[in-house]
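In what follows, structures are represented as structure tokens.
Look for chain A in each of the two complexes below; its partner is chain B in the first and chain C in the second.
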Partner chain A sequence: MKRQPKTWRFELYVAGDTPRSRAALANLERICRASLGQDYAIEVLDLLKLPELWRRQQVLATPTVIRKAPAPERRVIGDLSVTEQVLKGLDIPRTPEGFPAPEEPAGERQSRELRRG
Partner chain B sequence: MAAEQRAEIAKAQVGIRGFDSITGGGLPKGRISLILGTSGCGKTVFGMEFLVRGTCQYGEPGAFVSFEETEEELAANFSPFGFDLKRLAAEEKLALDYIGVTPELGIEAGEYDLEGLLFRLEKSISAVGARRVVLDALPALFQGFSDSAAVRVALARLFAWLKAREITTVVTAESTSELSRHGLGRSLSDCIVALSMRVSDRIATRYLQVVKYRGSAHKPDEFPFLISSEGLSVMPLTSVLPGYEASTEQISTGLPRLDTMMGGGGYYRGSSILVSGQAGTGKTSLAVHLAVSVCRLGDSCLYCAFEESEAEIVRNMRSIGLDLERWIKEGLISFTMSRATSDGLELHLVELERTIGELRPKVAIFDPISNLTAVGSFPEVKSMTSRLLDFLKTQGITSLFTTLVPGGQDAPGSEVGVSSLMDTWIDLERLETAGEQSRLIRIIKSRGMAHSNQVREFLITDTGIDLVDVYAGPSGMLTGTARAAEEARVKEEQRRRRNETERKRREQEHRQAALEAQIAALQAELEKSQGDLKQLVEDSEAYERHLSEQRAELGRLRRADARGEGEAQR
Partner chain C sequence: MNVSPGSCAVAERRRRRIPSGRLPEALPADQENLHRLLANLPDGVLLLDREGRVMYANPAAERLFGYSPVTMIGNVLGFPVVEGETEIEIPRTDGTLRTAEIRAVRLDWEEELYLASLRDVSERKRAEDKVLTLGRQLVEAYETIHSRVGKELHDMVGQPLIGLKLALHRFRELQEQDPDIGLGEIGTLVDDMINSIRDLSHTLRPAIGNGYGLKDSLENHFHRLESKCDLVIRFRDEFSEAEIPRLTETVAFRIIQEGVANALRYAEVEEVEVAVGTSDEHLSIRIEDHGKGFKPEMSEQHGGVGLKAMRERAELAGGSLSVDSAPGKGTRITAVLPLK
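For the complex of A and B:
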């Protein structure tokens, strides 16, 4: 998010400014701050505002976060409320302090089944 | 078919041969149809043909969304069908979109929806203004996401979106359970078409069945279909029956005497003719005579040879004075050759139908149809023949089928069982008498004409076929040299009889002359006798007169009482 190129760069694809979109961004920020300090950048891409994106990326589920750097590309879908899965999916190192509690949009379903990709 | 038209829902023609007639016009317009079938049954081909024909024939652009094959794979897979998907895509007549449902979609970490997918599909479909959409292998989507509720919600929105735009949609899936498991069964039940494949005698045949069609009558039977180089072809059995036109125009058989036997003019145009006979009875020769006769009128003829090659037929026919080469050069006779054993029956029929559709011949000859039994059972061959006949009749094409009767078979034609379907049935028979073979021809039936009931001898000469009367006498029918001998014998007998008559005539003439002479002599005698009689009377009268005169003289001389004497005399 700052001047110099960051080691970690993420693209967050969302479909409109929804509670789920906002939750995903907040969760990603939370995890990155805790684990990567300042060395990360997040670009939010709204499919509804950028129609030309629909062919560029195979993004079916929203939100989808794509780790553009470091290579190789990795993807995680969902509101990123399950920290363990985000760390695993984006291969972000853990911190001994642990992570703050996830943000979830109000009224969302609590129980969910998760799986490895 | 006409009855089905009233109060019918709107339909989108698929353009697949036969399918539109089964469904009375195609798939429900603006609704979602489900095509079911296991792998390899032709779901993707059905879908793609629906789109390609839609855009090329009916001016409705389409979008093909594949959850299985990439755009490149699709383009490569469909080029053998003559579908240039890349060109259609470049011309914006067709959109191809591959939605890869792969693990690379990402690990799931929290709740999500499929807005991205919907957004993309809407873009993809709108980009070409698609009126037709195919969602190929849609259930694959459920494999990509563990949250099937999210997928279900997305699909429900997609379906609603498609319906709101009255886009005619085809969804393909392997089975209904695949969909109902995810609660999609109900939303996809307007029209269900099931494709299946069965193998019999190592020959695979595909079948199509319209399982369900809301708001429309349809034929629920299973119809065999084929995937050929032109896409799908469904062969409905009776979709066209009422439309036949019965021509009264006749077409020469190529044999003047056979024409005479057939009411003077030959076969009816557009009718079907069966020529049955054992091996070597001249079925092909008879068929080629028709072909040549048609060509002489400047019409074209298709010769479907299942046994001999074109070169063989040309050579063999040259030996009996029929020049096929000339007509082949002029493009009036086309040959198609196929070994009946090489393809399944369905393929055979569809290929025949396609060839006929391309060439549009006036006459089609199938030689011999009995060869098809090598790849199908009798009922199957009969069913195929009947469908082929339907097709030919609606096209007004005169068709001639030859069928081989195995030696010793009692009922000719019955082994394929197609004779009842035919308008005209000519039977050729081989007759062996006194160590000699000859051929007989008879018309067993010919609908709608007063045909000859006589058997003719069928001579194959180096100038073609000749029909000759056979001798039917008390000693039976005679053909060949026996007929020739009989002819000679009869001639000799006639000569003898003529001589005898002449002799008798002369005898009678003599007798008459003699009698006439006799009559003349008697006449002379009669006249003489009459003359004598007259003389006699005259003499007698003269004598009487003389006597009377004498007596009067005497009296005068005697001066006798002459008066008294004279009165006494009175």
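For the complex of A and C:
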């Protein structure tokens, strides 16, 4: 059965597997889970493993989150520890009152490595 | 929107809620002063719009990101999610990664704008990482020494003592048959134990001490090595009258000890040259052999712990160490340590 594409898609750019990167991912997942239920996907992109992205300067700093869908694109930088600011920066609707938090970690997380050369 | 330092006047007007076209006489001077202030600030300053687009970057920010003055404007950094201050990494255009502390405040202007200040803390982070690494190495070294002492005591003292006990037992049996029997192998066993304990004691002693300086300690070390191994060490000492701090002596000794041990283990040579000399400012070391050689970059990547430790020791003492080697071309290790 074909998987339903997620409405909300985010790219999280990090530089290595550091406590800061892990904190940013945990914060983003927490915020997405609470506000978007299971209708989101996060792709983690490590610049240290993706020199092409680094060279193209797609991101100026890490951690950076880019909201890829729905359009328009939005970006935030930082450790994503301030929920209100993340919601505002990524233009995510605030959690409806009494929104049930999913029991299982929701969403998809993929790691993608671009082919070199 | 492109905000040059000159166009800060627009923002200034908004802040002061001064209608366009009615600028007071004093403002051009304010502008110039503001521009000069921002240009001379050691910290990076960025003006970002609601979407995190860079509208203004001072020279320090451009240097931090590795951008030329024009190209930074218009790029999207991102909406700053910062409470107090936080750290971010900056992947620069030259391929290096910097770490910066960032603070951001919303400006009380009509348009939603954010002022972000960035401080390059890369060197501080590197120093902190180095301290952590050294701390870990210290703990590991402590454990390694304990484990080694335990093993050496077992092998060099415990086992010979068991041998001695058996020999005494056997001696007693033989003595019942022949009261005039000599001590035989017991004397040899005791001699072996004395030698083992002497070696162990030598291993555990500090590299430099007991009234010996670096030169004497090296000579003793080389003499012991030559008597044990099939190796000739050509020692050239060119010490001046300069006083060598104890830490520098110890670091120099350990670097030479490791360098010669590496030559003995891997270079397949019968001769190693060690040159140590001092000037008023520095202590210099050269360890050279004409053996197998290796690719230094491969060695450090693939577990060349010895080389790495030598380099770290040199850096710990405020100096540097370099390795010049290639397969079939021999190896030359040079280190320079400051004396002050």
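Assume the second predicted complex is superposed on the first by the 90 of 117 C-alpha atoms of A that agree within 3 Å, B and C clash if a C-alpha of one lies under 4 Å from a C-alpha of the other, contacts with A are read in each partner's own complex, and residues count from 1 in each chain.
One rule holds for everything that comes next: a residue touches a chain if its C-beta (ideal position, glycine included) is under 8 Å from a C-beta of that chain, and two chains touch if they have at least 3 such contacts.
None of the values given here were measured: they were computed from a predicted structure.
*Asks:* Could you look at A:Lys49 and tell me whether it touches chain B, chain C, both or neither (first, second, both, neither)?
*Replies:* Neither partner.
*Asks:* Considering only the touch criterion stated at the top, classify A:Gly89 as touching first (chain B), second (chain C), both, or neither.
*Replies:* both
*Asks:* Check the residue A:Ile77 against both partner chains and state whether it touches chain B (first), chain C (second), both, or neither.
*Replies:* In the superposition, A:Ile77 contacts both chain B and chain C.
*Asks:* Show which residues of chain A both chain B and chain C reach, each in its own complex.
*Replies:* Common interface on chain A, chain B vs chain C: 15, 20, 47-48, 54, 59-66, 74-82, 85-86, 88-89.
*Asks:* Using the touch rule from the top, collect the residues of chain A that touch chain B in their complex.
*Replies:* Those residues of chain A that touch chain B are 13, 15-16, 20, 23-24, 27, 47-48, 51, 54-55, 58-66, 74-86, 88-89, 102, 104, 108-109, 112-117.
*Asks:* Name, in rising order, each residue of chain B that touches chain A in their complex.
*Replies:* 99-101, 103-117, 119-120, 123-124, 144-147, 150
*Asks:* Where on chain C is chain A touching in the complex?
*Replies:* Listed in rising order, the residues of chain C that touch chain A are 51-52, 65, 75-83, 86-91, 93, 95, 97, 100, 102.
*Asks:* Note which residues of chain A are touching chain C in the complex, please.
*Replies:* Residues of chain A touching chain C: 15, 20, 47-48, 54, 57, 59-66, 74-82, 85-86, 88-90.
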